[in-house]
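Below you'll find a set of structures to go through.
Across the two complexes that follow, subunit A remains constant while its partner is subunit B and subsequently subunit C.
The block that comes next holds the complex of A and B.
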């Protein structure tokens, strides 16, 4: 309970930083969201996407390329959990409501870190700072894909880290971290990663 | 049609085979070409669809994570498909995402777009085919790929295929020719042989020849076998006929030999009979003569008359025996042919008749020069008989004319003795030359009925013919011919 309170405090503090970062989004050329699996209806409401709009779309797309290498009890939904401050605004919720991953509805949750082990993806904002290491330790080797836009996320044991390359949102992958968690990332995804650290598992499973 | 009229069967078969196989091959070539062009085009379209699917599948993440470089590297793999000239990946909003051009200098603008309901569409413009295909991912679509391919390669392949087909056509022609030679061996050669055999059989009547039986066991072999069987039957029948003919000939020969033996025996018998009869007859004659001359004074008139009749009968019998001996000689004596003149003989006979037979007014007309190659003694017998007959049967004429002459009929010299005497009934002309057959009674004209038979025998032995014409009261003419006359 105390942990949950702390996160809430940080979230309020980082609010203005998220807004300044959203200015970058104006430079994005086209509706990247719409490049994702979208319906024609979405095409009609094309608007200038922000950086976090793009990241939201990527976040959902990651879910489509990650699989658990071990048998998992069936889940009622695919949960995308956000720890700390939520910089996405309504865009993530809007996208998630129209999506399914592995035929499961997508939910966006803001749980406590101890409850996040059952999530499909956990996003930790870069504003969490030193808490990121703590969050990762708490998650341990749970089968959760950890994503963040913190600059040293991969060194700290995170799996996917957003980057900004020439005003494009890209991402990097730490395969060692992915392998520790019995997760398998599609080679298709790795192909478009900006860089990949760690080694792929020998024989498919760690 | 003159093409089929002449020529041998083998020529026709060759021509037929080439015509049929050529037509079949040409039709096959054309249909295969059409089919292949269609198939090649279809294959190109199929491979385009496959490549579009692969490019699409490999571009999903690039589209989803806005990685143009990844998309373009995916597209660059199309370099291995030389018929793809250009390819473009569009995002769902229609904005171009990545592009591939085989020839970088090429201008390429998309003019056709998929409608919302289409998943895939082909457009054909000239020699190019444009394919539009949606990129699917997990039930939705993340973009679309367009590919432009040229069919020039299709045309090139068609040309190459045509070249191969022409080569095959040539090979097929050669095979057809070889097949024809086989047919010639199997069909035509046996037929020719059969025809040749049939010709030999018809021309030379040689039934011992046989047609060669072909190695195959088809209708032709059956035909040849039947033909040979027929020849065999004919040959067997021919042989039987020959055998029976030989047997018949032999039998005829045997009969002839028997007959001639019997004939000789008969002649010898009649000769000896005639000869032996002469002795007793001479005896009777002598006694009759003595009776007439020495003891006739002691006899009454009736007795004298009886003696006269006895002498007359004896004289007639003597004549008959002479005639019979003549006939016998005419049959049995060997012929001694030499060149003689019938006119001389006729003249001497006529002279003897005129000097011996007393006062009669008979005019002899004897043509000069009738040379023949014959037996003189026998020919004298013939002429004595004929002229003697003429003399006899003109005895009741006031002015008798006897003519011996010759005429030429159908390149054959015909001699004749003509008189203006009693003649004969032509109905019985065939009886004239039979021995002892007489057309006149003994009281009318005396005779033995052997003379003409003797003449007939002699002329026949010389290889000639003898016949007579005449009518009652109009005289008679006896003709005869002699081969080798005048030689």
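The block that comes next holds the complex of A and C.
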């Protein structure tokens, strides 16, 4: 009884919406065409790097600044493994191609967590949420550098955590986790870290 | 039918075009190949994920408008920036008066059912129980984000946060170092100028700003004067000090302005009514201090105090108001299963009305509004990191209705940041304001014989009450597609309405002899329900193109309470908020540092305001040729030369014009 509109009014309203929607679609098509005509230049012009472009570059660099304190059997490649949703797009692949770490070619893989122990670096997506705890337990003390951008990664036992500090990508290090895995991080890397928690290795340089 | 070809063309074209233009972002990454760790840390990036983490864990319908959203929307004022939030409806009344902002219905020219905060300082005025947008300006380049919560927030924020909360948060002074100059002009926003400088000194970071605007009148039908121009200027500062365990903030603003206006006023002798075009003058300022300390056991305390002063004088009446407020909040260290938060607050607001014409007054002229409040909230983590229940209540004492309580219970379920769902039931109240309680306005109606109507306040009003049942969810449907939706069922009671026309005995002077007097008194007279839903997907279509559509629906089923027969306010409440609202916002990053942004919106009709449904669009082209310079041209309300959004008194309705303006921002 409150809302009574006649069929005629409903039809007029529907036509009005339809007319508006067609104007909408027309302008959208125009925008699309504008976008696509301008595109050929996109390849040459690089946009501002995204958060994940910079994180991908950091991962490659981390590989160069970490080494094993124990003797390790030789492996065919240095693997950067991603657990969970891969938000890097093409950036990590682009940086890894033709790159070497410790004279080994770099590969980007997406294994299951149980196969991740043979990786050089494991990046765990923040969307893994609760599973991060499990993932780190399964990795155990394997000599794999664990990196993530989950907000409490270091507290859960992760080694390097990405932080976003006023639109700059920085990272923090948990030395306790690093030492448990018998890895050593170069002092150059520690110096640039936003902050470092945990104790330095006994006998190592502070 | 002809129209159906366009959507078909659009959707047919879309996949081909996307395939052709989707370029791997690897090219941007390759620039970083030879950089050192230090260099990587100094690059400024654009972040991909739009929803901040806090949104996932909030058991309410929350929407966060970022600084970038505001910049790219081309909005020149905060209410205009709120137009593209699902569930919020914004109607511009004219060029100088208020915006009617409503969340989930009950919109009116006072924005009464929405609580607006600027950096935690409430800008609610007890004069008419709402917010007056034209005097609450924040320099748009200073805004870090605007958080909008649809639904009652009474438990934390207290009374008057009935339908929603709009929290405007400015950037920390650490982020606004250096100089910024912005200047713009156009046909509607004729002149805007923003200046800012920030720096640091001995552990404090600070900034000072000054800004002002001149706005032209909107469109008036023939022979009506262009009275709704406005001019405003404001200066302000902010200083922050951050140490490992403490954060201090000190802020202040001072403003002054002049707004053209039209008011219909009456005179006793000769008995007549007329329209006054005398402008309104405003001036005021505020000062706010805040201290937050975090303890080693992760508990923290928060103490805030502010003072604000507002002065207004118009052709109908004037007001001087001071507001003093102190709030304290303590969040105890949480255990694995629960976390307690509690707080107390006090607000005192002495004010004096200045009478300008004999027919308009408040009884008494001076009054101090006071609110004493305490709140307690417990978050129970029923299944840690998966299911939590938050229960709490606020208890307040105010000088109009005594004690009021506002409890709420909220349930939140989260699954690994890909999906969260929530449901809540809450009670919220809106206390009567000075207009409801103390006003006395004599309005001339007819002659001969002289007939006057006296609109009177009522000292026996009780608070308006809402019980809201809400639920919603948010999810990452696919890595690039985020979806959030919410629905609600609101039960209202004791809504204040204009009472019936009642004959009164022959009044004494100053009424002319032989006057017939009728009175209208405000009464608690309306109850009923509103219900509706909002859905807002967010699609990162390609790395350079993001699309954000939104749809909201509102159904109003309010009625007079038994024994209450007047329908003036009822018609207004039923017909002043749109049933349907839809919008699409699109942002495209073009090569050579160009940006092309568009937004389209459809707003359903407002029968009580005699406003038809309309569709319109804004478009903006921005260019960032060097890091320190940004140029933009924005067109607003492009589809029609002018359209109506809300009615006004005195009539006729003012139409909102199509506008275009250009802006230049230089920063260093």
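Please note the rule applied: the second predicted complex is superposed on the first by the 156 of 206 C-alpha atoms of A that agree within 3 Å, B and C clash if a C-alpha of one lies under 4 Å from a C-alpha of the other, contacts with A are read in each partner's own complex, and residues count from 1 in each chain.
The definition used in the following text is that a residue touches a chain if its C-beta (ideal position, glycine included) is under 8 Å from a C-beta of that chain, and two chains touch if they have at least 3 such contacts.
What you see is a predicted model, and the numbers here were worked out from it, not measured in a lab.
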Of subunit C and subunit B, partner touching more subunit A residues: C
Which of subunit B and subunit C A:89 touches, first, second, both or neither: second
Partner chain in contact with A:78 - subunit B first, subunit C second, else both or neither: neither
Touched partner set for A:189, first subunit B, second subunit C, both or neither: both
Subunit B versus subunit C as contact partner of A:127, first or second or both or neither: second
Touched partner set for A:56, first subunit B, second subunit C, both or neither: second
Residues of subunit A contacting subunit B in one complex and subunit C in the other: 31-32, 34-36, 38-39, 43, 46, 54, 57-58, 61, 65, 168-170, 188-189, 192
Subunit A residues within the subunit C interface of the complex: 2, 13, 16-29, 31-32, 34-36, 38-39, 41-43, 45-54, 56-58, 61, 65, 85, 87, 89-95, 126-131, 151, 164, 166-170, 188-189, 192, 194
Partner subunit A, residues of subunit C touching it in the complex: 3, 6-7, 9-10, 13-14, 17, 20-21, 23-33, 35-38, 40-48, 53, 174-175, 385-386, 414-418, 476, 479, 543-545, 557, 574, 584, 586, 588-592, 596, 598, 600, 602, 613, 615, 617, 639
Subunit B - residues contacting subunit A, complex: 58, 60-67, 70, 91-93, 95, 97, 116, 137-143
In the complex, subunit A residues that touch subunit B: 30-32, 34-40, 43, 46, 54, 57-58, 61, 64-65, 168-171, 186, 188-189, 191-192
